[in-house]
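Some structures are shown below for you to check.
Both complexes shown next keep chain A, but they swap its partner, so chain B is in the first and chain C is in the second.
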Partner chain A sequence: MVKAIYLDINLCCGCGACVVACMDQNDIFPEKGQPAYRRIYTMEEGQFPNTSFLYVSAACLHCADSPCIMGCPTGAITKDRQTKAVIVNGDLCIGCHSCALACPFGVPRYDLEEKMQKCDLCSERVEAGLQPACVRVCPTGALQFKSINKVLGEKEFKFVGNIVSGVHKVTNRR
Partner chain B sequence: MLTGRKKIAIIGNGCASAECLKALRESGYSGEIHIFTDSKWPIYNPMLTTYYVAGKITFDQLFPYGKDLLYKKYRAHVHPASPVVTLDHEEKIVVNEDGLELKYNQCLIASGGSPFLPPIEGIESNRVYTMRKVDDAFRLREALLEKPEKALVIGASMIGIKMVELFYQQGMEVCLADLAGHIFPLAAHPECAQVIENRLIKKGIKLRFGAALEKVEETARGVKASFKNSNESEEADLLVICIGVRANTDFIDQKQVEVKQGILIDEQMRTNVPGLYAAGDVAQGKNTLSGERQIIGLWANARYQGRTAGRNMAGVDETFPGNIPHNITHFMGMDFVGIGDVNNYDKMEKKFDGKMFIQFFWKNGFLIGTNFIDTYTEAGVIKNALINSLINNNPVYSHSLPIVQNMLIKKILTEVK
Partner chain C sequence: MKDVQRLLKKKIPTPETGIEIRKSICTICDPRTQCGLDLYIKDGKIIKVEGSEENPYSKGTLCSKGAATRQYVYNEDRLKTPLKRTGPRGAGKFEQISWNEALETIAAGFNDIKNECGPESVAFYSGYAKYFRPYLKRLAHSFGSPNYISESSVCYQATALSQKLVFGRPGGPDLANTNCLLVWSSNPFYTNPGDARAILKGKERGMKLIVVDPRETPTTAHADIHLQVRPGTDGALALSMAYVIINEKLYDQDFTSNHTYGFEEYKEYVQLFTPEKGEELTGAPADKIRAAARMYASFKPAAILPSASSVVHHTNGVQNYRAIFSLVGLTGNYDIIGGNYVKTPSFLHRAAFIRTREHEFVQPKSWDDMPPRIGADRFPVWVDVIDEEGQAMQLPYHIRSGEPYPIKAVIGFGLNYRMWPDSKGMLDSLNKLDFFVNVDIFMTETCKYADIVLPTCTSVELSELRCYDLGYIIYTQPAIPPLYDSRPAADIIYGLANKLGLDDSLFKAGYEAGIDWILEPSGITLTELKKHPSGMFTPKPQQLPEKKYLKTGFKTPSGKMEFKSKIIEKYEGRPGFEALPVYKPPKFSKEAAPELAKEYPFILNTGSRLPMFIHTRTYRLTWTSSLRPNFPSVDINSEDALRLGIKQDDVIRISTPKDAIEVKANLTQMIQPGIIHMYHGHPNADVNLLFEGDYFDPLSGYPGFKAALCKVEKVSER
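On to the complex of A and B.
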């Protein structure tokens, strides 16, 4: 059963716990120039005084038909057959930034050695039967790790992200 | 002659060919697949040649699909080291130089392109180099063993700049010349080009624009290039020409198959001849920005086109609606991004903080192009949104888009405004 990380956009409060957990899990030190895999975006909607804030915690969506895989000139980016996670082989990455121009969601970032870095769907944890680090710490339950089929089958989906197809839909947003 | 069972012929063994092969098998095609190539090497990526010459990747890494894995896995008969010389699309026969004839049911032309050499005096000198094939990489690698001191690069293109970087990193003196008035004439706005040129000059690169190569002569040192209407010639140890690519269409009967700069194809990669498809750098698919058909010589574009061709040849109805010109090039510590049309705009917005440079080009209220220097993070977001907006005739920022994408677009657009 293939699972993916989903975000319920109505529940995300932008606290950043997921970002910190992700850095901890992946030994990311921003001060050493290592890019974070997960980011919080804030978006203001409407015009004063009728404004609203929207927080979105986002990382790689592990698209079903990943443009970064097609754009990569070396074969460094592949899709894991079992978990369907899009993974990067740093040994093959040449730092050409082709994937940055391919990704519709601005995900690829590069470390000081010019190797592309991004979320690998917490492969290590998931293989050990655990939840991805970001999902585990999310205090509001906005981030969830669920079976793709189950999510697609849910009638009132109010989450962001159909991670399988890389298409975000927000329905049920006041 | 090979006849009999259902047969598909693929001409060329680049990435367009590889993706077609994969798509055919993954879509359930079970007949024979024959791949004809003039190359003796496995599927290589022309873009990686400069990385190999520079010693940044190993020889094996030139072959992103592995050495023979793909052909075994997807059951292809390969006929290497012999170019296709005739394609008789009425009788449906492919003939290669070795005299092998194959009767096919369907055929994909994926023969790619070759560097264009201007027909000028002295161009055949063995001090003149081009960069695309594995053998080109070998030749230049060998030349570098002689420790040349100066290189002249003709063509301020994406390939040209990678050549400049390669020589610069070898500690060589480099001159970059082009007929155009500025660097990246197709992809960069003059103001953006100026910023890049200033940085190159600071690094000691000599730039010569408006310089039309007229003659090449061999000298004791290596080679001397003269330019039209100029007394100042340029002498160097070696000269590299990267002024463009021409589609490999010699074996095609152009009275029957529609060919302009490349083979004209529709959204299913079909040519005007039934059963004959084309994909990759040899094909002219739709530019969704201009509405015209154009060769968009990019790795991913060739792969998508090859895959679309393969699926359609296997009976799966699929379209690839087209593409826009887009480039990202990471060189000499800089990132340059050019997307869409940077020339025919009615409004331009710009932001420059000394390091990061962003330009947006608008026409009739639609975003039609961008230039970025040293900021790549939103490049893919903008490119995909732009293509999307063209296909669906929506503004680039629209609620029909995925929310993260929408947010990122809005953020960068307001930032520049």
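On to the complex of A and C.
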């Protein structure tokens, strides 16, 4: 099963390490008008003293059925056979913004030459057995690079583990 | 694209790409522990960084600051050569000079002052980073000056002071084994990610989490109970929790009867702080105070995780912290596994469970053989309790008054005048010096006022010794040589010791010989450490029993844990020197200064951590600053903003009786109404300009950075 980047929304603390690691990996320099591939959003709700907030680290979702690929008139956007990442070939991009119209999630961004820029899932790193830079750096483990069934399996195991350890505690007390 | 080119572009370390990984540590923020770095090197240049998986603390991760290491190292503001000032102070006009000329000029200047006024007239200051501090302190004392001072005078030392007054020896929270963690005004998600991971792990095994913080933070988001107090009222909260714990008989009666001093008076004093009174004083609901007190006292073992400096940045900071640490003794959680457990520091305050000669190294001369330190006259408790240094906050006063002796020269390693309250006054004071030397990585604002500026380098360009509380030790190797003509801070100190002609065999032996001398009792050598470039676990860690006080007593005048301080008692009568941990509201607050509060109705809280900045160190990096694009900006509660007609990014004026600054507004619900939060040290909006230099805690000299009063007005639309 293909691996993807998952965000545990309860663990993300909005520190932005993923954003910076991505910039370091991909040589993105904001001062040169180069857009970040990954971005942090803070969502606040309510009023003092009843407030709640969440952080979200967001980037391309690498959809299985990618509207941007279908929208691109030059074939600049393709799917990597091995990693299933949605990849942009800058040489073919004509800056028409069709992908922007097609993407339901607002992911595409454009550099000063109007070329579309976005996350490529660190495909070369993944092929070399490494994790995407954003996942590798994440200090809370909020970002994970795994197959969805593995992520869910680990979540379930944690849940089951807590119940079992509670039962053990009670049993040992007898 | 050819395969190798593609791999090169994506920085994949393989034999074909020639990209090599070298190990180091990050000290951009230099907290208790340093994260391990994997530096991807191609043709002698760092092309990418990653967390080092071998590092047992950071486990392969980094924060946004550490991830920006490459921009930090290759920053265009890097100092390249030693410089000598040619224009007026502050103009930034310098000429390049050689290292030899620079060090000889400094040595001659310092020796002249020593001969004319005495060695105490030269002060040696350390800002960030911290690895070179033992050598700088030895340099000061070996030269004959008691005046080794550091940024710890506004950071860790007052917390240490409070703990030492109560227990003699501070005990840190045993995060891995505690069943109830009380985090007091700290947000480790932004300051010590390793602690944040320990909290998350604790929560998974059922640990209870109580967090005291005026703000909503990623830490409070995980809390079972969040006590959202008003800044500066921490002492009242702690005393109110003590009220519940004592009156509901949840305290450790064996500990209080056998191992404490002043319990009856403390018990009587806390009767003033019913939870309802606590609510009135702190803003935290009485029921939550009760619940938190019961939880902390019932789930054993319980630990308190303090911050280095938020609680002490108040005019009643030390007393507030004493009230907080008193809870540790009250509940019998001192020096036990899972509680606040006492470890013996091995090096730079960290315990690697090895014995070293650090203290002997850093204190070649006894304090009694030197004139009094900076701040000694005003802060006698500091002198009684703090062994490391003078009180750096008093440096500007000492320079201006010349009493009890003149300060003529300062050498700063990373000195930033904007760290001081009344930062303009600090700058004026520096300008009164005969001779000011600053050593830094970058051409900072402060460097522009120095007579000589020396270029130093970052952690990845040098070798340093570090210990970790996990029983881990590392001696780093340079991943790249020092850039330009910069030198490691320790090399500069050793070079200066040589030029000063100090008769000090350990300086003459050299940097690495000095470290081997320090490590000698541990049996670990640099030769061994060099075989482990990413560090190693200490081979024979010392075993530390619980409750060491049963054998040795407490390192306090009474030999017991002191609810009532015998040290402060000596000075009783001076304002603020009460032997019990007495609560007083901040000097500038609605409670203590109602007239002032009418004109200045907002509480001004400064320096609460943002994830991408650490003091001023990453302001100049576009990677980190892109995470908060409207910076410098001040956090204001959205409801307050609405009331004042302020919208996101509007320019607002923050004023105190002292001064005013204009800055963009950042609207948020994560802070309480009536409080504004501003990060410090920005050249375009320096919030420290708003503080009087004498707005400080009379016990510690710490500025009340986290609770003053201010006015907020809209200046213009964005």
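Note that the second predicted complex is superposed on the first by the 143 of 174 C-alpha atoms of A that agree within 3 Å, B and C clash if a C-alpha of one lies under 4 Å from a C-alpha of the other, contacts with A are read in each partner's own complex, and residues count from 1 in each chain.
FYI, a residue touches a chain if its C-beta (ideal position, glycine included) is under 8 Å from a C-beta of that chain, and two chains touch if they have at least 3 such contacts.
Just so we're clear, the structure is a prediction, and the values are computed from it rather than from any experiment.
A.B. asks: Once both complexes are superposed via chain A, do chain B and chain C end up clashing or fitting?
C.D. replies: fit
A.B. asks: Quick one: classify A:C138 as touching chain B (first), chain C (second), both or neither.
C.D. replies: Only chain C; A:C138 stays clear of chain B.
A.B. asks: Applying the document's definition of touch, where does A:M70 land relative to chain B and chain C: first, second, both, or neither?
C.D. replies: First partner only, chain B.
A.B. asks: If you stack the two complexes on chain A, which partner ends up touching A:G95: first (chain B), second (chain C), both, or neither?
C.D. replies: In the superposed model, A:G95 contacts chain B only, not chain C.
A.B. asks: Give one of first, second, both or neither to describe whether A:G16 is in contact with chain B, with chain C, with both, or with none.
C.D. replies: second
A.B. asks: By the touch definition at the top of the document, which applies to A:C103: first (chain B), second (chain C), both, or neither?
C.D. replies: After superposing on A, A:C103 lies in contact with chain B but is clear of chain C.
A.B. asks: If you stack the two complexes on chain A, which partner ends up touching A:P49: first (chain B), second (chain C), both, or neither?
C.D. replies: So A:P49 only meets chain C here.
A.B. asks: So in the superposed three-chain picture, is A:A58 touching just chain B, just chain C, both, or none of them (first/second/both/neither)?
C.D. replies: In the superposed model, A:A58 contacts chain B only, not chain C.
A.B. asks: Just the number, please: smallest Cα separation between chain B and chain C in the overlaid arrangement, in Å.
C.D. replies: 10
A.B. asks: Quick check on my understanding: which residues of chain A belong to both its chain B contact set and its chain C contact set?
C.D. replies: 166
A.B. asks: Given the complex with chain A, which residues does chain B contribute to the contact?
C.D. replies: 45, 47-48, 51, 56-57, 61, 64-65, 299-300, 303-304, 326-328, 330, 335, 337, 339, 376-381, 383-385, 402-405, 407-408, 410-411
A.B. asks: Note which residues of chain C are touching chain A in the complex, please.
C.D. replies: Touching chain A from chain C are residues 6-7, 9-12, 14, 48-51, 58, 60-64, 66-68, 70, 189-190, 193, 196-197, 200, 204-206, 216, 218, 221, 228, 611-612, 622-624, 626-627, 637-639, 668-670, 672-673.
A.B. asks: Mind pulling up the chain A residues that touch chain C in the complex?
C.D. replies: These residues of chain A touch chain C: 11, 13-17, 19-21, 23-25, 29-31, 36, 40, 44-49, 51, 53, 55, 122, 124-125, 128, 130, 133, 136-141, 158, 162, 165-166.
A.B. asks: Where on chain A does chain B make contact in their complex?
C.D. replies: 9, 41, 43, 54, 56, 58, 67, 70-75, 92, 94-106, 108-109, 114, 160, 166-170
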